Amino acid sequence: MFFHHKKLMYTVRVRQSDPQLATLMLEQFGGPQGELAAAMRYFTQGLGECDAGRKDMLMDIATEEISHLEIIGTIIAMLNRGPKAVQSEAMLEAEDMRQLGQNSTSHTEQILYGGGPALVNSSGVPWTAAYVDSIGDPSADLRSNIAAEARAKLVYERLINITGDPGIKDALRFLMTREIAHMKSFEKALHSMQPNFPPGKLPGDPAYTDLYMDMSQGGQDLQGSWNSGELWERVTDREAQAALDGGDGDYGVGLTPREQAAEDAMTLRTLSDPALRPMTGAELGAGPGSGALDLPPREP
Amino acid sequence: MFFHHKKLMYTVRVRQSDPQLATLMLEQFGGPQGELAAAMRYFTQGLGECDAGRKDMLMDIATEEISHLEIIGTIIAMLNRGPKAVQSEAMLEAEDMRQLGQNSTSHTEQILYGGGPALVNSSGVPWTAAYVDSIGDPSADLRSNIAAEARAKLVYERLINITGDPGIKDALRFLMTREIAHMKSFEKALHSMQPNFPPGKLPGDPAYTDLYMDMSQGGQDLQGSWNSGELWERVTDREAQAALDGGDGDYGVGLTPREQAAEDAMTLRTLSDPALRPMTGAELGAGPGSGALDLPPREP
Amino acid sequence: MFFHHKKLMYTVRVRQSDPQLATLMLEQFGGPQGELAAAMRYFTQGLGECDAGRKDMLMDIATEEISHLEIIGTIIAMLNRGPKAVQSEAMLEAEDMRQLGQNSTSHTEQILYGGGPALVNSSGVPWTAAYVDSIGDPSADLRSNIAAEARAKLVYERLINITGDPGIKDALRFLMTREIAHMKSFEKALHSMQPNFPPGKLPGDPAYTDLYMDMSQGGQDLQGSWNSGELWERVTDREAQAALDGGDGDYGVGLTPREQAAEDAMTLRTLSDPALRPMTGAELGAGPGSGALDLPPREP
Amino acid sequence: MFFHHKKLMYTVRVRQSDPQLATLMLEQFGGPQGELAAAMRYFTQGLGECDAGRKDMLMDIATEEISHLEIIGTIIAMLNRGPKAVQSEAMLEAEDMRQLGQNSTSHTEQILYGGGPALVNSSGVPWTAAYVDSIGDPSADLRSNIAAEARAKLVYERLINITGDPGIKDALRFLMTREIAHMKSFEKALHSMQPNFPPGKLPGDPAYTDLYMDMSQGGQDLQGSWNSGELWERVTDREAQAALDGGDGDYGVGLTPREQAAEDAMTLRTLSDPALRPMTGAELGAGPGSGALDLPPREP
Amino acid sequence: MFFHHKKLMYTVRVRQSDPQLATLMLEQFGGPQGELAAAMRYFTQGLGECDAGRKDMLMDIATEEISHLEIIGTIIAMLNRGPKAVQSEAMLEAEDMRQLGQNSTSHTEQILYGGGPALVNSSGVPWTAAYVDSIGDPSADLRSNIAAEARAKLVYERLINITGDPGIKDALRFLMTREIAHMKSFEKALHSMQPNFPPGKLPGDPAYTDLYMDMSQGGQDLQGSWNSGELWERVTDREAQAALDGGDGDYGVGLTPREQAAEDAMTLRTLSDPALRPMTGAELGAGPGSGALDLPPREP
Amino acid sequence: MFFHHKKLMYTVRVRQSDPQLATLMLEQFGGPQGELAAAMRYFTQGLGECDAGRKDMLMDIATEEISHLEIIGTIIAMLNRGPKAVQSEAMLEAEDMRQLGQNSTSHTEQILYGGGPALVNSSGVPWTAAYVDSIGDPSADLRSNIAAEARAKLVYERLINITGDPGIKDALRFLMTREIAHMKSFEKALHSMQPNFPPGKLPGDPAYTDLYMDMSQGGQDLQGSWNSGELWERVTDREAQAALDGGDGDYGVGLTPREQAAEDAMTLRTLSDPALRPMTGAELGAGPGSGALDLPPREP
C-alpha cells in the first residue's frame, strides 16, 4: 500500500507565475513520456511480476515516479497559481486573459481546468493508457523500460533548455538525472537474466535471422555493422525479396461450398465491369464547358 | 517513394475460414505492437533523420514492415473471406451469425467492417498514433526500436502458440524471426554511435545518479546488481528520502500584489470552514431511520 | 511524496484462476469509474488546492485510492496467474486458449498484455484522462467527487453480485464501503464551505433561474418538486419557449466590407440552385430499369 | 431550437430481452456509422451553412436523425430492460450473469452502464467526434453525406440479416430506408450546385490530372474506365514514376549559418559510425552458447 | 509487397525553416483528411477486395498515397530542420524557443517529438484509425473514397492559400491535383458497377423511400430538387411526422415473470416521489439569506 | 421524437468576427463540460429510465440542452463567418491567415473544419462519449447530473469573464443561468427518492464506513467535519493502516498442478539472478572515458 508524506521529494521554488511555461511542463505530467506513464508502466508490471527481485525494484521505482509526478505537478500549479486566483475572482479583463498564454492549451488550462494541473500533454491531449507498453514478459518489458527512461531523459533535457527560472531548472535537472539512474537499474536487471536474447521463449527461424533486406534503393546505400559484415546476408535483388519462402507469393483459403457459392454471387453482383465507359458524378458536376454530357449515354 | 509488387513477401496458405482466429490476429495488424505501429515508427524517424546510414536503415526496415502489414492483413482477410461473402449475400441465419465468433470484436468485424481487415486491436480499439513513441533523438529512438521489436516478437510468439493452422503458423514464424533480425540491426546502430549513454547531450547531476531509492519497504528486500554493489548508494531511511536536495521539501511561487490579493479573496471565499458541523446531502438522503435530521441546524 | 509498504491495505485471497472474472474486474482498475480515475481526480485537485484542509483531505483520499488500485490490480493478477504461466511456457494448445476466456477482452489480456493487469476497462478500452473531470473550483469539484464515489460504489455493487469467490467478494465489499466513507467526507467538506450554491462566484440571472421548460410533450406530464410548486414557473407553450429573451430568435454578426464581399461571392459560387432538376449519381447508379436516364438533360 | 414529442417516429415492439442482440444494435447508436454521427454531421454543417436551401435541408435531416437515434436507443433499452432490473435488484447469480451475453461488450453494458444504452459501438469503443468528417465546404460535405448514408444503409442491412425479432426487423427496415431517402436529397443538392467538380475553388494542374499511376505491378493488370481509355495517360515505368515533376526527386531546405552549425554539430555527435563493429546488448543477452560470454568478465 | 526508391515522387525545395508552417502542414500528414488516412483507407479495402480490377486500382492508389505521405512528411521535416538542430545542441535560449512557434502544437513538436514529423494533426491530436471509414462493401466504400478525396482536395487548397514558399506551394498543388485524379478513378469504378444504388443488396421499403420529412419549421422553407417535385412526398404536419408506421409511437418489450418482478421492485425502490417537497443540497448550500432552512422538514 | 423550430431559444447578436474568441467558445460546444455532453448524458439516461417522472424530466432537459448546443454553435459560426468566407474565396494572404488566430486550434478550425463549428474542445481535442458518465442507477446518475451542471456553470462563468462582446455575454449569462435551474431540478429529483444514501442497494460494511484514513502525514493535519468528530474514527498509525482486515496483507491464488509447474518453469527461466554482476548496454554506451570500452574487443 502507499503512504503520503507532505514533504516533496525535491524542494520546488518558482520565481513567478508563467502559464505559458506551465503548459510546456505538462509534457512531463500528462504527456506520453511523462511521470504518470512511467509510474503506471512500472506499477502494472510490478503487480503481475512473480520474480521477487524484479517486483521489488519495480515497486521501488514506480513509487519514486509517483513522487516525481507530484513534483512536476507542483511546478505547474505554482506557475498557474496567480492567474488562477485572478481569473477565479474575475479580476481579469478579456484582453488580459488572451495574453495569459499565447497558445491554445494554455487557454484551455485556464478555462476548462481552472488553472489546475490536468493530465494532458502540452497540446492539450488527455493522457491515455495507450502510452503504457507493458506486455507481461520481463525480457521485453525491461527493454521497454530502458527505452522509456531514455525518452523521458530527453524531454527533460529539452525542458531544461527552454527554462530560465533557476528553481525550476534545478528541479528538472534532478528529475532528469533520476531517469538515468533508473536506466542503469533496468539494464542490470535485464542482463541479470541470462539469456535474454532473443526475448521470450521461442527461437527464431535460422533461415531468416541473418537476412538484411535492402528495401530502399535508388541512391547510395551506406553499409555499417547494422547491415553488413559476417553477421548479415544482404538481399538486394527485387525479385528475390518477394516470396522469401520460395513459394509463389500468392495467398488463398479453403472455402466450403456454401462459402464459395456466396463468394461467386457476391463477386458477380459487385463486379466493376471493365467493359463499361460509364458517365459519372464527376461529369455531372464538371460544368457546362466540360463536355461531359457530350459522352454517349451509358449502355447497360 | 514506394512501389508495390503483387507478390507477398511470404506466401500465405490458410486452411479454412475462422473469424475468431482472425480477431486474435488483429493484434498484429491494428494493435499497439503490430506492423502498422512498427512501420510508422521507423518511417517517421527516417523522415527526420540526418545521418545517412541510419536513415537508409530506417527506410529499409519501415518498407519491410509495411510488407509485413500486408501479410498479416492478408491472413485476416482469408480467415474472414467465407463469412464475409455469406453475410453479404444474406445467406446467413441469425443463429449462424452469432456463432461466427464468440466475442464481440469478431461481431464488430462482420457488422461494422464487413469482414474486411480493420485497423483495430483484438478488442476492437482503433489504432492510434499514440502508440508511436519516436521523439527525434537517435540515442532514445534506437532504444525504443529495440524494445518495440522485443514486444512484437513476444506477441507473435503468443499467436503462434494458439494457432493450429500450419500455413498461418509458418507465416507467423517468419514474421517473428524478422523482428529478431531488426533488433540486431538497431542494437548495432545504437552502439555504432559512441557514446550513447546517457542518451541525449546533457550529463546527469552526479549527486543523484547513483542513488537507489528503496521506496517499497515492509517485507524482504532482495538485493542484486540493480540496487546494490559499488555502483549504488542505497537510500532507505524514510526521512532521508524526502527532500533529497537537503531543502525543506516545501514549494512556493512569487506572486504579484494583484495575484496575492486575488488569492486571498479566493481562499476566503472558498474556505471549507473546519468549525462548521454542517448537515449534508448524505443525511438528507440517509432515510428516516438514520437520525440525520436530529442534528442541530447549521449556524452560520 | 509517496512511500510503498509491501503489505496490501486489505488481504487478498483468490480461490483459483479465472481470466474471465479478471476481465470483469478490469472495470475498477482501468475503467472510467475505477480506482485510477479516483486517485488521479483527487491527486490533481490536491495539487492545485490552496485551502489547507481540503488539500490534506484530497491527498489522504488520493493515497488511499492508489492503495485500492493496488488491491484490485492484485486480484486481477491472481485470477490470471495460472494461465499467464501456462501460456508463457507454451504448455497450451490452441483449443485451450480459446476457452481461457469467452470474450475478446480476455483474449487481449492474454495475448497483448501477457496476463498482466492492464489499464483498460472490461471491453479493452484504454484508460483516458478524459474520465477525470476536475475543473479547479471546489464548489464544483466536491460535487463531482461525491458523484464519482456514488458511481464507483454502484460498479462495486454489481461486481459483488456476479462474484462467487468469497475472498474476492470480501475485498470488493471493503472497497465498496470505502467509497461510501469518501462520499461522506466530500459532503462534509462541500457544506463546510458556505455558501456553495450556486457554485462559483457569478449569480444567475433571476429572469431564468426558476423557469421549468416543458420541452417534452405529447403524453402525460408528471409533476413533482423538480418541475412544479412555488419554486418553479412552468413554460409549456411552444412559441413562448422560443426566443425566451423576447427577441426574434434570430442571429447575426457584423461583417467588414471585405468579409461581406467574400461571403457574397462564396454564396453565389456555392448556391444549390432550387430551379435545377439535375440528374445525379443516384440515377446513374439506379440500374437500367429505373428510368433515370429518361430524364431530360440538365440545361445550364 | 428543438422540441420533443413523447411519441417515437416509429413504433418499437420488442419480443423479449436479449442483451447480446442489444450489443450488436449499439453499432447504430454509438458506432461510427450510427445515428449520433449522422445527426452531428448534419447539425454542425447546418450551423455553418450560409445557403438557405441547404441549411434548411441539413436541419430537417439532422432532426430526423436525432429522432432515429431515439428509436435505436429505445430498441437497445428494451432488449436490456429485464436483465437490468434483475441485476439491479441482485436477483442474479454469478453464473446467470456470465450467460447474459457471451461477449465482453455485453458484460460491460451491464456492469459499467447498468443496462442503459451507452454511446459506444458493438466492441465498447466510446463514440468520438473524430467520426464526423464535415469540413465546411458544400462540394465536399455533400459528397461526405452521400457516402455516410451509404455506409449507414449497409450496417442496417447487416443488422437486419442477423435479427429474428419481427418488431425490431421492421423498425430497422424503416431506418435503413430513410438512409436511402437522405442519399437522394444530398445527391440532388450536390448537383443543384453547378459546377461541383472538382470540389472547392482552385483548379487542378492539367499536367497531373489525367495521369494514372500504375504503382502495383508484378501480376496481371486489369484495365477499365478507371485507369484506361482516352481520359487517362498511364504511367507504368518505375523510373518515370519517380520525380514526376522532372526534377531530381531530392529535397532540401535553406538553413541559416547558426542552424547549419547546429546541424553539423548534431550530425557529428550522433553519427552511427559505419567503421565500428561494436558489441551490443544482443550479444550480452544471447546466452553462454553464443560466444558473447566468452569475453573476460568486466572488471569494475 | 512494397519497395522503396530513394527519390521522392515530387521534388521538394523549401526556402527556409518555419516551424509554424510545419505545424499547419501536419494536417495532411497525421490529420483526418491526410495522406496516412488515405493510404490506410485504400490499403485495407484492397486487402479485403475480391474483384480483381478494384483490388488492383486500390493498391495502385494506396501505394501512391504512401508516397504522398513521404512528400508531405519531408516538407515538415525540412521546415523543422534548423530549429531541431539548434535545440538539440542547446544553442537556444528560452526566449528563442517560445518564438519558434506561436502555437502550442508547434511547441509540442519541438519538445515531445524533437522536431520530427509526428502523426498528429495541426492541433496535436494523434492520428486514429477511427478516421478510416472502410466498411467492406464497394458500393459504399467507393462513395466514401470519392468523398475523402474531395475533402483532402479542399484541405490542400486551404494550405496553398496560406503558403508563401513557392517550392512548397508547387508540391502542394501537385498533391491537390492527384486527389482530383483519384476522384475520377473512384467515380468510374463506382459506375462500372451496375446497379450501385441503393448501395448494398437489400431494397428499401417503398413506403418510406420518397418521403421528405420537413422537420425544421417556423421560418421560410425553401424548396428545391432535394425536397420537392415528383420524386418527393412532403410530410409537414407535426402529428403525421410522429409514428410514421401508423402505430401508436410507443414502445415495449415482453418480460419474463422474474424480470417483471425485478422491474416492479426496482421501480418502487427508486421512485422519485412526486408527493415529496424535499429539502436538498441546493438549499443547504444557498447561504443564510436564502431561507432554505425555513422549509418545513421532510416528512417520510 | 424531435422537432426543430427555426428560431433559437435565445437571440444571438455578435458584434464582429473573432476566430480566437470562437476557439475559446468551443469549450462549451465540443468540450467535456459542454452542451453536447449534457444533452447526451440526459438523453441516454432518459432512454433507459423506467420512472415516469424522472424520464419526463430527463427528456425535457436533454431537449433544452440540444437547443443550447445550437445557441453556442451559432455564436461560434458567427464569430468565424467572415474569415470563413474570406479564406474560402482565397482573398487571404498568408500573413493574414496566421493572424486570424494566434493559437493552433484556431488554425485547425480554419484549415480542417473550414470555419465551421466542430465538436472539439478549445485545444482541438474531439468530443468523446468517455465524457458521459451515466451508469444507469438514479441515485448515482442524479448526483452525476448535479455535478455536471456545476462544472458547466463554472466554465460559462469563466467564458463570461473573458468576453467583451455584449451580445455574446448576454447569451452566455442565459446559458449559465439555465445550468443553475437544472441543478435545482436534479437536486429535487434526487431527494424525492428516499432513501438515496448510500446510493444503490447494498449497504456498506459497518466496520469500514466511519474510518478516516490519515494517509498524508508529515506536516500539519487540519481537522474538520470531514475527518473528525463523532462520525469518524481516525486511523493514523502507519502499521494499522496496512491490512485493515486484520490479515497479513498478503495475497495469493490457488493454482492447479499444471499451472504451478508452468509458473515454476517460467520463474526459473526468467529469473533476474541477484548473484550476477553483468555488463550491460549502459557500459557499452558510456564512452571511452567510462572504463567500459577498456574491455578487450569481442571475438566472434
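Each chain carries a letter (A, B, C, D, E and F) given by its place in the written order, and its residues are counted from 1.
Rule of thumb we're sticking to: a contact is a pair of C-beta atoms (placed from the backbone, for glycine too) under 8 Å apart; a residue touches a chain by one contact, two chains touch by 3 or more.
The structure presented is a predicted model; accordingly, all values stated were derived computationally and were not measured.
Taking the definition of touch as given, a chain qualifies here only if it contacts chain B and chain E alike; those chains are A, C, D, F.
Per-chain Cα centroids separate chain A from chain D by 21 Å.
Between the Cα centres of chain A and chain C there is a gap of 24 Å.
In chain E, the residues that touch at least two other chains are 1-9, 32-33, 50, 53, 59-60, 63, 67, 74, 81, 85, 88-90, 102-105, 112, 114, 120, 123-126, 128, 130, 135, 137, 139, 146, 154-155, 183-184, 188-192, 194, 197, 201-202, 215-216, 218, 222-226, 238, 241-242, 249, 263, 266, 269, 272-274, 276, 278-282, 284, 287-288, 298, 300. Taken as a contact graph, with one node per protein chain and an edge wherever two chains touch, the assembly is complete, since every chain touches every other chain. Listed in rising order, the residues of chain D touching chain B in the complex are 20, 23-24, 27, 31-33, 102-106, 121-125, 154-155, 157-159, 161-164, 215-219, 238, 241-242, 249, 263, 266-267, 269-274, 276, 278-282, 300.
Per the touch definition, chain A reaches chain C in the complex via residues 1-9, 30, 36, 40, 43-45, 47-48, 50, 59-60, 62-63, 66-67, 69-70, 73-74, 76-77, 80-81, 84-85, 88-90, 112-120, 126-130, 132, 134-137, 201-202, 278-281, 284, 287-288, 293, 297-298, 300. Contact residues on chain A toward chain F in their complex (touch as defined above): 1-7, 50-51, 53-54, 87, 90, 92, 94-95, 97-98, 102-105, 107-108, 110-112, 114, 120, 123-126, 137-139, 146, 183-184, 187-194, 201, 230.
Partner chain B is touched in their complex by these residues of chain A: 5-17, 32-33, 52-53, 56-57, 59-61, 63-64, 67, 74, 78-79, 81-83, 85-86, 88-89, 91, 128, 130-131, 133, 135, 137, 139-140, 143-144, 146-148, 150-151, 153-155, 157, 160, 170, 173-174, 176-178, 180-181, 183-186, 188-189, 191-192, 197-202, 204-205, 207-216, 220-227, 231, 238, 241-245, 247-256, 258-263, 265-266, 269. Considering their complex, residues 139, 190-191, 194-197, 218, 222-226, 229, 242, 272-278, 281-288, 290, 293 of chain D touch chain A.
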